[in-house]
Amino acid sequence: MSEKKLHGVFTPNMVPLDDRGRVNEPELRRIVDWLIDCGISGLYPNGSTGEFTRFSFDERKAIVRIVTEQAAGRAFVLAGAAEANVKTTLEAAGYYHSLGCDAVAIVAPFYYKLSQEGVYAYFSEIARESPIDLTLYNIPQFSNDIANDTIKRLAMEHPRVVGIKDSSRDLPRFMNMMNEIAPVRPDFVFLIGCEEIVLPAVLMGADGGTLAISGVVPEVVMKLYHLARANRIAEARAIQYKLLDLIKLIIFGADFPEAVRQAVGLRGFNMGAGRQPLSPSQQFNLDDVRRTVQCILSEFGFTEQPVGGCDPFPAGVDRQSVEQIVQDVIRGLRGPAGR
Amino acid sequence: MSEKKLHGVFTPNMVPLDDRGRVNEPELRRIVDWLIDCGISGLYPNGSTGEFTRFSFDERKAIVRIVTEQAAGRAFVLAGAAEANVKTTLEAAGYYHSLGCDAVAIVAPFYYKLSQEGVYAYFSEIARESPIDLTLYNIPQFSNDIANDTIKRLAMEHPRVVGIKDSSRDLPRFMNMMNEIAPVRPDFVFLIGCEEIVLPAVLMGADGGTLAISGVVPEVVMKLYHLARANRIAEARAIQYKLLDLIKLIIFGADFPEAVRQAVGLRGFNMGAGRQPLSPSQQFNLDDVRRTVQCILSEFGFTEQPVGGCDPFPAGVDRQSVEQIVQDVIRGLRGPAGR
Amino acid sequence: MSEKKLHGVFTPNMVPLDDRGRVNEPELRRIVDWLIDCGISGLYPNGSTGEFTRFSFDERKAIVRIVTEQAAGRAFVLAGAAEANVKTTLEAAGYYHSLGCDAVAIVAPFYYKLSQEGVYAYFSEIARESPIDLTLYNIPQFSNDIANDTIKRLAMEHPRVVGIKDSSRDLPRFMNMMNEIAPVRPDFVFLIGCEEIVLPAVLMGADGGTLAISGVVPEVVMKLYHLARANRIAEARAIQYKLLDLIKLIIFGADFPEAVRQAVGLRGFNMGAGRQPLSPSQQFNLDDVRRTVQCILSEFGFTEQPVGGCDPFPAGVDRQSVEQIVQDVIRGLRGPAGR
Amino acid sequence: MSEKKLHGVFTPNMVPLDDRGRVNEPELRRIVDWLIDCGISGLYPNGSTGEFTRFSFDERKAIVRIVTEQAAGRAFVLAGAAEANVKTTLEAAGYYHSLGCDAVAIVAPFYYKLSQEGVYAYFSEIARESPIDLTLYNIPQFSNDIANDTIKRLAMEHPRVVGIKDSSRDLPRFMNMMNEIAPVRPDFVFLIGCEEIVLPAVLMGADGGTLAISGVVPEVVMKLYHLARANRIAEARAIQYKLLDLIKLIIFGADFPEAVRQAVGLRGFNMGAGRQPLSPSQQFNLDDVRRTVQCILSEFGFTEQPVGGCDPFPAGVDRQSVEQIVQDVIRGLRGPAGR
């Protein structure tokens, strides 16, 4: 399989803040180095995980500059470039082009509800003027939906539109998208933005993904990705299922992306306090996350087990015997006539 | 009824743009004067109608400055102050306070989905630090919902939170809100943000509304409001129903708020082209809007009928005879055994 | 105002069950008599409140027969007639016609999602064949939506379609519906199916409502209705707001309509256990409901206050002094610089 | 892999009707024979595809009887048994048990919105009394959702609950479900109810599926299933993607399941007219479906190509050359500076 321009696993970078709430540049550079050392394919500053809406335009430009400088060609850089309006978005795209980013990602307009004609008009105007390739970014949970028909229309009309990052969690939609667009635009890049289904997405033909969890356990996610590309399904499946436990804790366990920030911190980075205030009752218990991260790392060979081990069952009772007990109880409940 | 601090009809100001896409200050001042001459109670720059998300922070500050200067104390000014994060929002609030605005309106965070604890934490932090009174702005179509329980909690804890502007189009919710909050916070201001139900909302106790349509036919909306406050229901109802036709055309007839902009233009202002691109098929036919506006103005005594008149039925056939025909047909269809 | 064929407040009858889970005919007759004695305008068996989906066709026919016989012309009977398919629905309509019902109510098809063309086709086929007038029943929370355009189309084509019962809780929609259909079909009946907004709906022109709460406090709901029709707004508003407390408890306080059943029981009827099983944690505390019902009845002159009184504040502290305290605290918190 | 009790592809049987709208028994028997000849694993009468809500209880019983008799042990029979209430549902389950069905499928209650406690209570009461194994049926588009936590709770408490058929189209949810339930209930059967993602679901561990499209092209669906179980991904993927075109036409191309009925008819069965009326504008063009069905059958070796062939491109232009042209155009548009 010849690779397309963009492919592999992209980490949507979280932004560490210092104790005055400003972008912590040295720590951000440390994170970039670590991710690249872990083998990550690309970096994706100013994504949803990166809380782009909570920064100013100047801060967003600085974040991309720092990430791109530090990556220094060692990984793709896909820069989130959506700004308040088309003119400012093009200004951002031009700047990221000058920095040497590989492409920009543009999320559909949010806040106002737009018709598909409005979504199309927005991306068309940007695509006509952009000096750099762009990927559409679909995340209907947060912004206007980009329907498959609109994506296809943009893909066919605008060579600058080189791909899509889809975070809808909707695999039927993603598969229909690939089925309808790949034949007419063979170079189009399909990235899945949902870590829960990265394995099935890659098996069905995705070129990779932008995965928040790859900022927490990059080694494990890259291992999953390479196994998936090699069609080593049983091994890949074991990792995918193991990751679901962690995903549940850090993607859905608090107001996104707060728990991701704290989980990145567990890997040895000083992330600082986020910009969205937390009420006292939102204080997040990191112990479960810490243990789950370490257990995943140890299970797939990257570190030791945590103190206390990783078995969900008490000492002396292994999973198999528990399942046997469950089975016996079920059989007993059914009684002699049970089937 | 002794009036609360804020009351009456607030116009969410649309922003005229010049031919280079910049804020057209002289035209904005002309609009402010016209609205005040028409008797509007207050002005509301940087609302959803005002497309606040499509401007930069500097532009938003300029818009409030122009509107407040031009109003010069002749009408309330309620300034939209939501920015990318709490710190910047407080900077905006401080500036609008220094300009002499009466209060600021803060929409709930958008893009990310927050729990009610997160919404509460956000407004609490702002309310603790704000130098100026603030109204919550609930528009769940576009941003995170502010549940009634959260509003009540904020109203009871923060004296700076002086009211709510609710644009949910949900009258049961609005009535429950008044029922639960008014007893514990008698000075709390309830503004309805839905022109379709301004009459029933005022009859049920609302203090007024923020109504996009008041930027198009301010004379008519103020007449409706004063009739409603005077319990002259039959007259007020006639206006309310007439406005539904116009609302359908300009609130729901195109991607909001594009048709509002063009309808304001019909009243003699040069609004310029909006910042959200339009596809060729989105070109909007203004003829229906023009005729409907003029018919409404003429029906309630503010101008002449348009050429061709306002009757939906052809010359020589009045509404009553049409209804008679309809009735006869229905009776005929039922036949002699019909009930 | 000359009345239309159907008007006033209709009670959607709940069905009392005996200790073997069968329809309790004597108790149902007692309830019918009581409601009519309380002045209710009409009865509405086989509505959503009446749990029509949980009975068999034979039971539904029996319920309508019992209610119609017992009403004996003293109140309207609007019979829910929706069955599994058009043929059976017409069989039901024919039977209810033979019993002397005034009209049947047909809910839109549920379970499958239909296009508006499908909804239109369904009602058209029924309307063409029905021997009895029918009202459309719109409750998009539970069944396919009937869009305003579809209602208008049916109203203009089918004389048998004489009205709509709308339970969408959406007043803007209800007002647009009246605005668009009344001119072309002046005899069309508009009933609101949401007790939270019955007052504003009647003030805006509704002909009445089908209100579950009228099965619990029929005296109070009828008083509200008559005050509304007489434009005695202040008195009507006091009742409407008081009812919101009860509505919150019995419409939204448990899986609908379980709490309504239990609240009807509080008025002296043996309702039996419902057919939808309840888990142990769903056991409903009736004490709040009992007290709220009695307080509403006493406040509007229908009975004595309950033991302990109805004031939400402790003895010696009236509401006015509480509000004064709240105000003082707020003023204190604002400090000398507060506005 | 040792198989669980239920596994493979189940066809949700559509019911052919005669010209008087009654169940066409001989034709239904013919369909059962054909499906079994095509190698289908199981039959599933009274599912959503089978329009169970549009039949009477007596008809539903007859349908299961006919299907079970005709299958005569040659395929699994999973019988839809949901009725108006628990008592009648248990009556149905008892009858289907006496007929020799392998299990019954029970959809969550529909129409009323239930809390998860209510959903749990409903299934618990049935599971306690049922004489036959049952599978939960989750289709939140049409009925109350059964949350993963509720499924797990039922799986752990009730041996009679032996599996789930999930039609939510939500693969992340399905994978989390398997991840959480399989360890505590190893015999639990997971069937996917969405033909768009049957391949990824099976690759991730599903035991099979209930797939409406298997009633139209059973040969092709069984081939896909066997390839998937054999991990022959590339071949299976080709079929899965080809099926998407057909799924788009017959699952989403008209009010479900009308187009499925007509597509089954194309395979040589007299399906009759459905019970849900169609408006004139809903008349469905079968030509596209006929051609797509025949092309799929021919592509995978089951029949000849239709007249005119199956290539979407005109004669003399193959797909590869079209893609080359597209690429050239894109490169040209980018110009010499394009990347």
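Chains here go by letter, A, B, C and D, matching the order in which they are written, and residues are numbered from 1 within each.
To be clear about the criterion, a residue touches a chain if its C-beta (ideal position, glycine included) is under 8 Å from a C-beta of that chain, and two chains touch if they have at least 3 such contacts.
Since the structure is predicted, the reported quantities are computational estimates derived from the model, not experimental observations.
Q: Out of curiosity, which chains are bumping into both chain C and chain D?
A: Intersection of chain C and chain D contact lists gives nothing.
Q: Please identify each chain that touches chain B as well as chain C.
A: none
Q: Centroid from C-alpha atoms only, then distance chain A to chain C, rounded to Å. What do you get?
A: The separation of the two C-alpha centroids amounts to 48 Å.
Q: Using mean CA coordinates as chain centres, what's the chain A-chain B distance in Å?
A: Measuring from centre to centre gives 38 Å for this pair.
Q: Could you put a whole-Å number on the gap between the CA centroids of chain A and chain D?
A: It comes to 32 Å between the two C-alpha centres.
Q: Identify all positions of chain A at which a residue touches two or more other chains, and write them in rising order.
A: none
Q: If every chain is a node and every touching pair an edge, decide which shape results: line, ring, star, complete or other.
A: Basically the chains close up into a ring.
Q: Run through the chains and report each pair that touches.
A: Inter-chain contacts occur between A-B, A-D, B-C, C-D.
Q: Could you list, by residue number, the parts of chain A that touch chain D in their complex?
A: 133, 159-160, 169-172, 175-176, 178-179, 183-187, 194, 196-197, 199-201, 203-205, 231, 233, 237, 240-241, 244-245, 248, 319, 323, 326-327, 330-331, 333-334, 338-339
Q: Within their complex, state which residues of chain C touch chain D.
A: Interface residues on the chain C side: 21, 48, 51, 53-57, 84-88, 109-115, 117-118, 120-122, 124-125, 141-143, 255-257, 275-279, 281-282.
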